[in-house]
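The two complexes that follow have chain A in common; it is paired with chain B in the first and with chain C in the second.
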Partner chain A sequence: MSSSLLHPPSHLPPATALKHSKQAPSILANSPGAIATSTLQSLLSASETAELWTTYENLLLSCLRTGDDESAHQCLGRLVNRFGDDNERIMALKGLLKEANAGDDNATLDVILKEYDQILQENPTNLPISKRRIALLRSRGQIADSVTALISLLDASPTDAEAWSELADMYFSQGLYSQAIFALEEVLVLQPNAWNIHARLGEMLFTAAKTSDTSKQLAEALKRFCRSIELCDNYLRGYYGLKLIAKQLLNEPQKATKQAESGEFSLPDSATLRKLDEAATEKLAEIVRRYSAAEKGWQGYDQAEIAAAQQVLQNETEATVR
Partner chain B sequence: MGQLPVQTIHRDPQLFYWILFPITVVMVLTGILRHYASVLMATAPKKQDQKTMREQRSMLHGVATRNNFHVLSAPSFRARRDYLTNAYESGAFLKNPDQRGQPPPNPMTDPGAMDGMMGMMKNNMAMMIPNTLIMSWINAFFSGFVIIKLPFPLTIKFKSMLQAGVATKEMDPRWMSSISWYFLCIFGLQSVFNFLLGSENAASQMAQQMGAMGPQAAPQMFGPGVDPDKQFKTEAENLAVVEHYSVLDGVEDRLLEGIISK
Partner chain C sequence: MTWLSKSTTAFGLILLAHACYSAHEHSALQSHRVASLTSLGTSQSGTATSLPIDITIETIIATFIICLGLVSGTSRLRPIQWRVWAGQIEREGEAGFLNSSGEVEKDYVGNPFRLLESRPGFVDIRKQRKEFAEWVKNQ
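And then the complex of A and B:
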């Protein structure tokens, strides 16, 4: 069993998901379907591990992605055998499988949505199901309903970082930047060292600054990218954002605005900006070079992100030549 | 000085089969039985209703904001602080907003609290009853037997511990009585249970006593008899006195000095 099966599969590139899904029949054949509960048998057979069930869950998700419904059903069957029908997480997985089988059939999806409502009426604290309901609403394009449901979920459970980040994503897709930024800050309050969230917040601030054009937001975006690099060396998205912002600020220097009110961030001077820009360029070039040379320990970057970095570097050199 | 002659006591080899072995077997079996009894008696954790969950998580939200305020910029932190302190002081997150200011209910009458106490009672009973029974069984049948000689020398202080029930003044402390063997089994069978039942077994009372000491702080926060309104007020005060600084202050300089220049 590969170790990547133990990580949540939503971030895996499609190729890995496909690989997992292809392994599914052999994994299912080799792993025990049920675990003996009596002492004598557990002395003889392999003991139960949490990893086994995580593997089944992730395998289920990977199989759904690649359309291997039969293996998905088998995985779910084993999970149900172990945890029972009324486990909240299992209920959500079952709903997911049903949604996947329904495809684009609106009538079936309506039925599933009604089932979710029914479950939530009986037990409003069933978080996995209410999250499924929100995701289903979103995927059907009912963003407003989805946001309302998500907000009421967050009112009941404000320590759910996953939900806050989903909310941020939804607001961002609707162009409501300040709300999105608020939600993402909430994620950071709960997970203060998540460098990817720092960088994502930087990206949102950068985008927001494009429309409303305030140097305050640009300054914070710059600082967010710096923080994400500080937390994670060689973080490509951090360097990429840093590069973009530094370049923009150098090209069109912001007028020194009136002294900001207390505690607001101000832009660093142009010497610092230049240094940051150089450092980011250098690092991006190093990452691209080492990635393309297939050096060990420098793989695992997203191909699209590498391509984007290459593009930026190319533009830079062209500009210099000109 | 002449060396003291080694004390020898002629013991019947049958003592081994009829005392040492039965005590050990009985101890192991009771441990296993206790494990399964506590598994059977364990009640599933009760589901929280939505309002309780909201109350507790809002509390935790405030704690998280107070601990991690440094990731926020000053205006965002001020906005959150104002909102949270207001809501905390007005009792917006309370489960029963009508009961503010009233003394907390008696934990004896609160059914939720009773469950927890019953659980504790059951655990204690599962520990005490078998121990009392076995001890009286050993006292009734095997008291006063010297059963083994330890293979290492001991000081005189151990005499009272190892020779409980044998009132012989001159005997070497290396000789062990049956009741001492019983105590040794209580403390020493942990690894046997780990092997038989897995590491999270409930067989050994030692582990349970340790567990009772450890994670007391977490459930105590929302335990019975604690007034959530008071907790919210305390939290609001804690939030109000936070002196804000941001981790983003001067992050560029840190970055240029540290990571990049490396």
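And then the complex of A and C:
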């Protein structure tokens, strides 16, 4: 059994999803379908592991993605057998299966949405279902409704980092940068050690600074990328962002920093920026070199990210040669 | 690596069992001799109760060998500094978290904060399905 079946599969590349879904029939045939509840029977049959149910859930998601509905139904059936129909998480998975089968049929989607509404009327605290409802609204393009629902969800449960992150993403997709940045900062309040969220916030601030052009946002972005590198050695994404920002700040020097008096983080002087730029270039070059040389212990990076870093380094050398 | 540590441990256990058996035999022999000596009327005791030095040495060496085998069979130690640990996840991926038999450890989750970016609770399954169909078409 592949270990990555124990992780939620939504970020995996399509090839891995296909591989998992092809494994589905054999996994379903080899794993126990139901776990005996009585003590006597459980002594005789296979023992229950937590991984088994995680595997079923992730297998279900992979199968839905690849369109293997038969295996998906089997996985769901086993989960329902074990946890019952009224388990909140199972209800969300059932909804997911229906959504996947509905495709673009608007009438069916309306029915599903009504079902979600009804479930929420009976039990407004059903978090998995209200998340599904928000996701379905967003997927149908009703962003405004979706944001309203998400905000009321966050009013009820303000410590849900995943929901804050979703809100940030929705605002970002609508170009509402300051709201998106606020939501992402909430995520960081809840998960201060999340190095990828620091980098993501840096990216958002960088994008926002492009449209509104304030040096304050660039300084903040610089700080975020530095923090993500501080939290994670050799973090490609952090160094990449640091490189871009340092280059931009060096190319077009900002006006004298007036924000310094308000106690906020002000832009460092150009000597520090140059040092940061050099450090980032050096590190990126090292990462690219060692990854391309297939060195052991440097193969965890994403290939697309490496290619992007290579591109930036190449542009840099061309500029210097000229 | 595992068979080496396992065979070392097994060898140590055999040595230890042998030492115990020798000690038992020695004491049985000793009590037998003491009994026969007292029946003869002579009272010679004292040094006779201590174990011969080779059994003691064997016991100590066996304990060390067992410890060595067990220690070499444990999984690799994890970094205790946050940034080193995080850097290892990013740099090595799954390959950095293999247990001694070459499989990815069961509690390996990769970057635990990746969930905040992939957000499985809000997954848009219809979009994913479409994207997958596109990908299959382009293959």
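Throughout what follows, the second predicted complex is superposed on the first by the 318 of 322 C-alpha atoms of A that agree within 3 Å, B and C clash if a C-alpha of one lies under 4 Å from a C-alpha of the other, contacts with A are read in each partner's own complex, and residues count from 1 in each chain.
Assume a residue touches a chain if its C-beta (ideal position, glycine included) is under 8 Å from a C-beta of that chain, and two chains touch if they have at least 3 such contacts.
Owing to the predicted nature of the structure, the values given are computational and were not obtained by experimental measurement.
Superposition of the two structures on chain A shows chain C fitting alongside chain B with no clash. With both structures placed on the common chain, the touch criterion links A:Asn196 to chain C but leaves chain B unconnected.
After overlaying the two complexes on the shared chain, residue contacts for A:Cys226 are found with chain B alone; chain C is out of touch. In the superposed three-chain model, the partner touching more residues of chain A is C, compared with the other of chain B and chain C.
In the superposition on chain A, A:Asn123 contacts chain B only, with no contact to chain C. With the two structures brought together on chain A, the opening angle seen from the C-alpha centre of chain A toward chain B and chain C is 50°, to the nearest 10. In the superposition on chain A, A:Gly84 contacts neither chain B nor chain C. In the superposition on chain A, A:Gly141 makes contact with neither chain B nor chain C.
Annotation: superposed on chain A, chain B and chain C show a minimal Cα-Cα gap of 9 Å. Once the two complexes are overlaid on chain A, the chain A residues touched by chain B in the first and by chain C in the second are 230, 233. Listing the residues of chain A that touch chain C in their complex gives 3-4, 6-8, 10-11, 14, 17-18, 51, 61, 64-67, 92, 96, 99-100, 102-104, 127-128, 131-132, 134-135, 138-139, 161-163, 165-166, 169, 187, 191, 193-197, 200, 230-236, 296-301.
Of all the residues in chain B, the ones that touch chain A in their complex are 32, 47-50, 53-54, 57-58, 60-61, 64-65, 68-76, 78, 80, 196-198, 244, 246-248, 251-256, 258-260. The residues of chain C lying in touch with chain A in their complex are 82-84, 86-96, 103-104, 106, 108-111, 113-129, 131-133, 135-136. Partner chain B is touched in their complex by these residues of chain A: 39, 42-43, 47, 123-125, 155-160, 182, 185, 188-190, 192, 198, 220, 222-224, 226-227, 229-230, 233, 262-265, 268, 272, 275-276, 279, 283.
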